[in-house]
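So that you can tell them apart, the chains are marked A, B, C and D in the order they are listed, and the count of residues begins at 1 in each.
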């Protein structure tokens, strides 16, 4: 499934290189700074420069093209739609008018500028986040967030979610496959099949939820036997050389 | 051949090469065991041959036809897959509903559906549990219910991923006897994965040893376990009685013509040594 | 006695009577195995003696003091509990963080914490995985990491629920050898549950058979397995070599003084029969 | 439906952060209070959060466009753990999605939390609560909660885009809003219906199989539904 490519990003962030070794707090700060600049400042130059930088970083760590395209394409396509909308519908001084299939399309200068700005902003901000996630394991990000005074509760739940997403993911996929093998997901282009697929999906959701609930009981017990006192990430274990 | 697999490769998206060119042939009607250590690719292989994962490379033929030519429905009428954890597989609230799930999806008439449900539960020996909620079943009963759900599709091959894992000795015996019955009486081909070495010689017609995504050895239990070094190199071991016989042969120089794999074979071997009629035994 | 349990009863809220008066004594420093079929109450019993479930009735003494007098912290400095599914237990994102969880909660100074983490990982043989996210570990590595998390609390007793379930023969041997090392070298008392009968005689000093919430038998492996009928009645079986010896004794009238439980013992028994010096062996 | 980085101008990105944080703060406060009394609450939330996150990643078939899309998940989370806690879970999910899935973004996190978390949870929970008061069955109430919750997310996202996209609403806010509404209509309307269906189905299933869970979470008070 598509989501496999998401998990690929996680696997990629585990590799060892200059960027993964860098302190996560620095990477987060740089990313936030770059994002702010891209979004707050006008003009084409800055987003282009940043995009060039992030691209070369991704090249340097040899990111597979599959990951980059998989993650860049959807927002870029959406951005392109917006770009078209803006260029055609934004009022202002006309640059060009086209006749397509008897329809008169007018392109306005302001719209073109705006559309391009938005498109470039999207491309470069997605690439910034991509770089961050390709070089930083989520648990490191979690601890960086703590340092940035994000409420502890949020970070703790985030880390538990990250940890157990993989466990539940495997379980959920197995249930889904077991359903598929007994024809629980027939072709949903006909009404009966569609109903079945929706039914199977809601059963799957409920089963995963029930599993999660039961596992929480055991996890809590395991925490208790190791002196749990209400804090899940009491203190980060320092990396040792 | 009910199944032929040729040079199948599969790599997970994180880069793990789980299968690196698996070849095997399974004749119809046999009880086949796939033996392999943790992480050798057993589950991956089963998912590939049941069409749940697409191999990057290789051919799979079921009953002589390429796998990809089958529609889902055709395929799952032929192949049933029992997952390791029965909780993954029992999704309806009651046992009866769950077993009916497949037949209903096959769009069988209601009479036929309820006949199949009753027959399947009868075969696995839990007809009385038909209206029980699934989560009140014991682990062994869940295993049986999961097998019944697959049986109700009337497949020609049943594939089971570690069907005895987590069961006590009594439960193991019951499940294995159930599988033997399905194999011998109903003529269903059985293909199961396990790493319980002692089970193999008791039940398997033919075994395959999978290790790091390769088939290391194939053949009858006697053929495979005679290659002791290879078996041990694959994080496996010999059946306990075979290990005993090996020590008796190597260190104590008893006469061991062929390594005994079951208690019955070991008994014969020891008796012939005790009685001194080694020739009679060797024949 | 490091642990004394007297008439412990436990009933789940749905009315299941899981423990119906369990009695046992465990001397310090021993390797104790609790053997019981599925649903006999092993997991429930472990949760009761680790204070996770409150028994309705009965007394539990740890190191001579009643369980309820211990504060949580005191208790879990003495008793470590390794769950069956390592995923339940490894909740931190990386191995190092997880192992550190206990020591941090004990409010040890950071230096001591990291020393304990390194020592514990060293003991279980995975020091190199310290910074690995848990979801990249294999099943066997997860088991080890879970044990390390408990070891870092430096408990006097470690209780393990089916530590070998789901592992291949190589993995079983590794984990069992690790436990023996912890028991013999570090002097930690081990109490583990299993239904793998063949493991018992190889490792246990003392075993208890639990069946339907009762202790059926207690004693050394030799004592317990000599009560064959009771063992079989509890959905269990004899170790395979014992079964072989039993057949040789009963049907073939070989001289079997004491039922051999391990391959070594069986070898001696067979040799003495082959060589005819039954008396020498019997002594 | 997530707004990507770059779609909102700076001042609106900041404004939505502010608006969302008020609500999230209440959720964080609730959790902290609750954990002090029930220590098991935090691991429970961690697991529930992972389950809801998984649910929001599941593809569900949308017949109109012939593609599949994803449920928001916040309505059902709000039903199960309450609206404010559900908002915190949505922060976690959106942060994770932004960081390692590149869905949504960091600058638009506030806006996304507001629409998906705050609006989705409050609507979902409100509709469910009203439905139950009105005597609807668990399944129907959950269906309505899912459908309206999803619709509300869609409306608020369109509104946020209309307001915050550079230069879009200079002529007419309403027109921009309607444009976005129309743009997302083909997928979002059926998706709302679907989210309702799967939410209703999921809650009904849990009530049938494990009513004890719903009782413990306080979703149902007594044993009316789903007795085995």
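Going forward, a contact is a pair of C-beta atoms (placed from the backbone, for glycine too) under 8 Å apart; a residue touches a chain by one contact, two chains touch by 3 or more.
Predicted model only: the values in this text are computed from it and were never measured.
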| item | value |
| --- | --- |
| Contact-richer chain pair (by C-beta pairs counted) among A-C and A-D | A-D |
| Whole-Å gap between the CA centroids of subunit B and subunit D | 44 |
| Rounded Å distance, subunit A centre to subunit D centre (Cα mean) | 17 |
| Chain centre separation in whole Å, for subunit B relative to subunit A (CA means) | 40 |
| In subunit D, residues with contacts to at least two other chains | 43, 46, 205, 209-210 |
| Contacts with 2+ other chains: residues of subunit C | 91 |
| Junction residues of subunit A - those touching two or more other chains | 11, 138, 159-160, 162-164, 167, 203-204, 207, 211, 215, 219, 223-224, 228-229, 232 |
| Inter-chain touch pairs (all) | A-B, A-C, A-D, B-C, B-D |
| Subunit B to subunit C touching residues, read off their complex | 36-39, 138-140, 165-171, 195, 197-198, 235-237, 239-241, 243-244, 247-248, 252, 254, 263, 266-267, 270-271, 273-274 |
| In the complex, subunit A residues that touch subunit B | 4-5, 7-8, 11, 171, 174-175, 177-184, 186, 196, 200, 203-204, 207, 211 |
| Subunit D contact footprint on subunit A (complex, rising order) | 1-3, 6, 9-10, 13, 31-32, 35-36, 38-40, 71-72, 75, 78-79, 81-82, 85-86, 90-91, 110, 114, 117-118, 121-126, 128-130, 132-133, 138, 141, 151, 153-154, 156-165, 167-169, 172, 188-189, 194, 197-199, 201-213, 215-217, 219-220, 223-224, 228-230, 232 |
| Sites on subunit D touched by subunit B in the complex | 205, 208-210, 228 |
| Residues of subunit B touching subunit A in the complex | 12-15, 47, 50, 52, 72-73, 76, 80-81, 83, 85, 87-89, 91-92, 101-102, 105-106, 149-150, 153 |
